[in-house]
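Should a chain be cited, it is by its letter among A, B, C and D, assigned in written order, with residues numbered from 1 in that chain.
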Amino acid sequence: MTALFEQIVNGTMMGAIYVLVALGLVLVFGVMEVLNFAHGVLFMTGGYLCDVFFARLTGNYPLAVALTMIALAIAGMALERGVFRRLRVNVPMQIVASLGLILMVENGAVLLFGPSALQLTVPTVRSLVRLGDLSFTVQHFVVIAAAAAAIVALYAFLHRTRLGTALRATSQNAEAARVIGIDANRIYRLAFAIAGALAGLGGALIGPLFLIFPQMGDLPLLKGLTAIVLGGMGSIPGAIVGGFAIGIIEAVSTLFITTDYRDLMVFALLIAILLVRPWGLFGVRVRGDI
Amino acid sequence: MSDILEVEAVSKSFGGVRAVDGVNFRIAAPGVYGLIGPNGAGKTTLFDIICGRQFADSGSIRVAGRRIDRLRVHQRTRLGLARTFQECRVLQEETCLDNVLFAAQDKRLGREMLRTFARHTAPPRAVMAEAARLLDLVNLWRSRAEPAGNLSYGQRRLLEIVCSLIAQPRLLLLDEPASGINPTLLNMLRDFLQRMFAERQIVLVIVEHNMEFIMSLASHIVVMHQGRVLEQGPPAAIAASRRVIEAYLG
Amino acid sequence: MRPRAGAVPLATGILFAAAVYLSPVLFAGSPYVLFLLTQTLCFAIIAIGLNLLLGYTGLVSLGHMGFAGIGAYVTALLMKYGMASFVPALAAGTLAAGIVGILAGMPCLRLRSHFFIIVTLAVGMMLFLFFNNLDWLTGGAAGLPGVPRPRPFDLGFTLVDPRRPVGFYLLAATLFLVVFVFQYALVRSDFGRSLAAIRQDETLAASRGVDVFAHKLTVFALSAAIAGLGGALQVLFLRAAAPQSFGFAEDINLVLIVIVGGAGSLFGPCLGALLFVALPEALRIADVFRMVLFGAALLALALFAPRGLWGLAVAAIGKLRFGKSAAAHVGHS
Amino acid sequence: MASANVVVLALVAAFGSVFMTSPAGAMEKLLDIGVVTARSGPLAAAGKFQLNGFQLAVDKLNAGGGVKIGSDAYQVALKVYDTHCNAAEGASAMQRLLSVDHVPVVLGELCSPTAAAEAAVASDYSVPLILTVPTAPDLTKQGNTFLFRVNADTDQLSKALAAYVGEHHWSPLSFIAWNNDAGRGGVNGMKAMLPKDIAIGYVGYFDVGAVDFSSDVTNIRKSASRAVMLLMDEEPGALAIRQIRDAGLDIQLVGTLAMGSARFLKRLDAKYLDGMVQYSAFPPSAPVPRIEEFAKAYRARFGEEAHGFAAQSYDALLLAVKAIQAAGTASDGAAIRKALSGASYDGVIGHIQFDGNNQAHPPVYVTQWCANGTRKIDFPADLKSSCGTG
C-alpha cells in the first residue's frame, strides 16, 4: 500500500512533465499537422537556461523559470518561422530537419557547457517532506503544482481569449478558420511559442530534481509522443490524460514487472488501445477513416 | 431481376443531429439520376454512405441485389460502383495517361503480385485504345504525358471522370461535377456524360447544385431535405413542385 | 508506349552491376575500402527495404532496424549453434523478419502518417528490448560473439570463400543486386503503381479498387523481410551481434540514409548508405563541433533538397548537360 | 537518366580516392600503437580515462628515449579511432588500423559487443587486440587467440565483493543497473558468485540517459533489502544515491570501481556516502608503492585523481611494447601474440599473466567510504587499512 502510494506520487510527478511536453506537441500538431521531433531539445534548453538564469544571473528560482519560459517561447517562434512552416507538407523532411536540430543543439550544449551533466541545486530540492516512512523533496510537489497551474492557464487562454479561440478554431477546421479571416501564420507562431514555453517549463522544473544534460529531453519527448497518440492526436484533453496515465502506469507497473520491460508495458498498452480505438482515447474519428 | 441500386431506411446521426433520416429510394433502370437539395439536406452524407466513406447507423444498401453497406470501399468498387469526389481527386504526380491506365488496372493483390515478375507488364491493347479514345473525347489526349497536377481544375475533373468510367462501372456517382468549371468545359462535360450514357447504358447518380446543369442532364431527380427524401420524379415535375420550392426558399 | 516512371536504361543497369562486381579488382590493394563497401552493401539492402515502404508507399517507419535485428539474430543464432547452414539460416532470418513485420504491421497500419511514425518507433524500441534483455537467448547487452561466416561456395569454375574479404564482398554484392532488381521490378509493376497511388492519395486509391490495408501490409512485410536479410548479412559480416546495432540510434541513421539519399528513387538509398558508412569514417575523430555542422547540413538539406541528395545530384548534372528543361523533367523520375 | 551514369561513376571514383590514400610522409622510427575507444557519446568520460592511461605510458616511454626493437630505436605514438561503441564502426576502425595504418597491436575498447566485432578482425590480420576495459566474461571464451584482456572480467570483479556481501550477510541484496553490457553483465556476475544464503531482493535496469530512480527506490523499500548494489557510472550513481537517501531509504550501498573516487565524492556530500563499499581494480590512494607512484604521475599530468581505467590501459600499453621488444619485430603480429601469451609483467594494477584464454587475473579490492569523505581498503585482508588509504 505504501509502495502504491509512493509510486502514484512519483508517477503523477513524471506524468506532469510528460503532459507539459505532450501539450506542446499536440498544440502544434493540431494547428499545422507538423510533428516537431526536436521538441525534446527545447525541453533540454529549458534546463540549461534555467541553470544560467538561476545559478549565474538572478539566484531567484521562480524568476529564472519565468525567464526560461519567455526565452523558449521566442525560440519556438523562431523555429516555426525558420524551419517548420516550410516543411508542412513534407513529413520525411520534418524528421530530417528535427534530427539536424537535435544534433546542432545537443552538441552545441556540449560546446557551451561541457560534456558532464550540470547539477542545479535550488532550495526546493534541498528540503524534504516526510510522510510516515516516505520522504519526497518539495520539488516533487512544485512540479505537480506548476504543471497544474500551466494546464489551467492554458485552458483559460484557449477558452476565454479571442486569440485562444482562434487557435482552437484553426485546430478544429483550418479551412473554415481561414475563411473567417484568421491569419494562419500568426496561429502557427502562437502555437510554437506556447509549445516552447511549456517545454521550457518542463525542463526548468525537472532539471534541478535530476540532472541537466544534453539528452535530458529524449525520454520526455518519447513519452510525450506516446501520450498524444494514446490520447488522440490533436486532442488537448487527450494529451493531459495520456501524459498522466503514462506517468502513473509506468510507475505503478514496476511494482509488478521488472523495470527493463517497463517501456514494453507502456508501448504494448498503447498498441492495444489503438487496436480498439485507432483515433486514440479522446481523438475524433475523421471522415473517411474507417 | 433486382434493382441496380436500392437504398432502404438509411439513417445516420452526428451527435444527436439526424443528417440522414430513413432515406428510401430505388433505381431500377439505367439512366441519369440527379440528387439535389438545399445545403445541409444530407446529400453528401448519403453519398458517402453509398460509397463507403462513412457507415450508416441503420438501413441497408444493395447493388444489383447484393448488400454492400458493410463492405469496404475497394470491395464496393470491385462490384461496379464508381465515384468522383467533390474536391476532385486524381494522382497528381502521375501523367494523365497513367492515371487512366491505373484506373483500368486489375488491382486484386494476388493478381498484381503474380504479374510483378511476368515478362509483359504492358497494359492490354484494348485498354490502351479505350484510354486514348476517352482522353481524346475530353480533349486531354494531347496532355497525356503531362503530370495530372499540372492540369487546370476543370481538366482534372474531366480526367477524374474518365478514370472512373474506364473501369466499366455499372453505377457511377458524381459529387458536384459542375462546381468550379468554366462554361466551355461544362458543355464538354455535359456532352461527354450524355455520350457515355448513350454508349454504356449505366446508372449515373449526380449530386449537384447547378440546377441548369442537372435539369438538362437528368431524366429523374431525387430531392432531399432535412435528411429525408422530399420528392422524386422527372425534372419538369420537380421544377413545378411547391414543396421543393418551399424547401429551397425556407 | 506506356511511359514508365523511373525506368533505368539497360546501359545504366549494366554499368551499375559492373561497378558493384568489379570493385574488388579496383580496390584490390585496399582491403579497408573493400570492407567499407561491404558494409555499405549490407546497409543498402536494409535501406532498400525501408525505401519500398518510406519512398514508394509514403509510410515513414522509425522502427525498421528492429526487423533487421530479427533477421540478424535468427540467422546468427542458427549459425552459431550449428542448427542450420548459411542458406537456410539466411532464409529463416528473412522469413522471421517478414512474419514479425506482418504481426507489427497489423496494428501499426491502422494508423496514418504521424501516428504511424510514432507507433513504429514504439515497435522498434520493443524489439530492441528483446535483443538487449533476453540474456539467455541473444546474449543480452553483452552481444553475441563468435558468429561464424558462411562456408565457401563451389561455383564449378571457382570457389567463393565468404570468410575472405573478397568472397564476402561478392556474396553481399550478389544479394544486393538481387534485392535491387527486386526493388526495380516491384516499383515498376502494377503492385508498385498501387503503392504509388496509396502514397499520393489513399482515399482515391481505395475508391479505385485498391485494398489499401492489404497492400500496405504486404509491402510492410516485404520491407521488413528485406531489412531482415540485410541485418543478417551485416551480422555475419561482423561476426558478432550487438543489440545497439539495432537500437534507436541506428533507426534514425537508417531513416536518414533513405531520406537524405533520396527516398522513392532506386539509387537514392544506395547513395545514402555509401554516404553514411563513409562519413563516420572520414570523421573518424568526430569532435563535437563537426557534429554541430553535420546537424546544420541536415537542416539545410531538409529545407532546400526535398528529394534528397540523389534528386539533387541528378538534377544538377542534368542541368549541366542538358540545360534547364532537362533538370525540370528529372524531378519527376 | 543518362545523368545517373555520371553520378554512379563519379561516386565510385570519389569513394575510392578518399579511402585509398594512406597517410604518407616521413614515418621512420615511429612506432604507431592502435587505440580504439569512445570519444563522444555517453561513454566519452570513460574513454577519456582510458586514453589518459595510454598517453601517460607513451610519455613515459618517449621520455626514456623511446623503444629499442632489435637494433632500431623508435618513438612511440598513438593512432586513436573513435568507435562510438558501435560494432560496425569498431570493426571498420580495426580494419583501418590493421590494413592502412599497419599497427603491430591494438589496445583499448570500452564496450563488449564492439570488442567482439573487433576481435574477429584482429584474428583476420593475426594482430593482437588487448582489451583494457570491457568486462563481458564470454569475450575471451571464443577461442580467438589474438584477443587478450588485462582487466578483470565481471566474474572476477564480483567474486571478492560477493564473498564480502556474504560475510556481512547483506540479505536480501537489491540491484540497480544500467541496461547495457556493463550493468546486465555485472548483475549476472554477482548473482552467479553470491553465496546461497544471500537472497536477491529486487533487480532494476535503467537505460543510459535515464535519471528517475523512484521506481527502483520504491521496489527496494518494498523488498526490505539490507543492501543495494549500483552497477553504473559516476553520474547516474551519484543521482541514484541522492534519490535513495532523499526518499528516506536507510540501506547499505554497494558500488563499482567508478564510485571509489574523489570525483564521485565531489558530486555528493560525504554524509551520503558514509559506509558505502565498492569493488575496485585500482584503489587510487592505496599504500602500495606502484599505485602511489602512478597516482602521483597521473595527478601531475592530468591534475586529478587517477582512475582504474587509466591504470589498466597504462599497463596494457607498456606490456604490449614489452612484447614487441621480446618478439623483436614491429610487423609480425603472430610473434607478438606469442610473446604476449608468455608474458609475465608487474604492472600498476598488479601482476599480469594471461591464462589459456588470454585472460589476465589482476587483483581486485573492496574499499569502503569513511564519514570524513576518505576511503579505506577492506579486502584483501593483508592490505586492510585505516581511513584515507583506499
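The rule is short, and it goes like this: a contact is a pair of C-beta atoms (placed from the backbone, for glycine too) under 8 Å apart; a residue touches a chain by one contact, two chains touch by 3 or more.
Predicted, not measured: the structure shown is a model, and the values here were computed from it.
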Between C-D and A-D, the pair with more C-beta contacts: C-D
Most distant chain from chain C, judged by the mean position of its C-alpha atoms: B
Chain closest to the middle, measuring from C-alpha centroids that were averaged per chain: C
Chain A and chain B, separation of their C-alpha mean positions in angstrom: 46
Separation of chain C from chain D, taking each centre as the mean of its C-alpha atoms, in whole Å: 34
Inter-chain centre distance, chain B versus chain D - centres from mean C-alpha coordinates, in Å: 71
Residue list for chain A, restricted to those that touch at least two other chains: 115, 260, 288
Residue list for chain C, restricted to those that touch at least two other chains: 132-133, 203, 288, 291
Touching two or more other chains - residues of chain D: 179, 205
Partner chain A, residues of chain C touching it in the complex: 54, 60, 62, 107-108, 110-115, 117-119, 121-123, 125-126, 129, 132-133, 203, 252, 255-256, 259-260, 263, 288-289, 291-292, 294-303, 306
Touching residues (chain side chain D, partner chain A) in the complex: 42, 44-45, 179, 203-207, 209-212, 214-219, 221-222, 235, 239, 246-248, 267
Chain A residues touching chain D - in the complex, by the definition given at the top: 2-3, 6-7, 10, 14, 115-117, 119, 128, 130, 133-137, 210-211, 213, 215-216, 218-219, 250-251, 254-255, 258-260, 262
Contacting residues of chain C [partner chain B, same complex]: 1-3, 5, 185-186, 188-194, 196-197, 200-201, 203-204, 206-212, 214-215, 218, 332
Residues of chain D touching chain C in the complex: 1-9, 11-12, 15-16, 18-20, 39-40, 80-82, 84-89, 91-93, 95-96, 99-100, 111-114, 116-117, 119-120, 124, 136, 138-139, 142-144, 179-181, 183-185, 188, 205
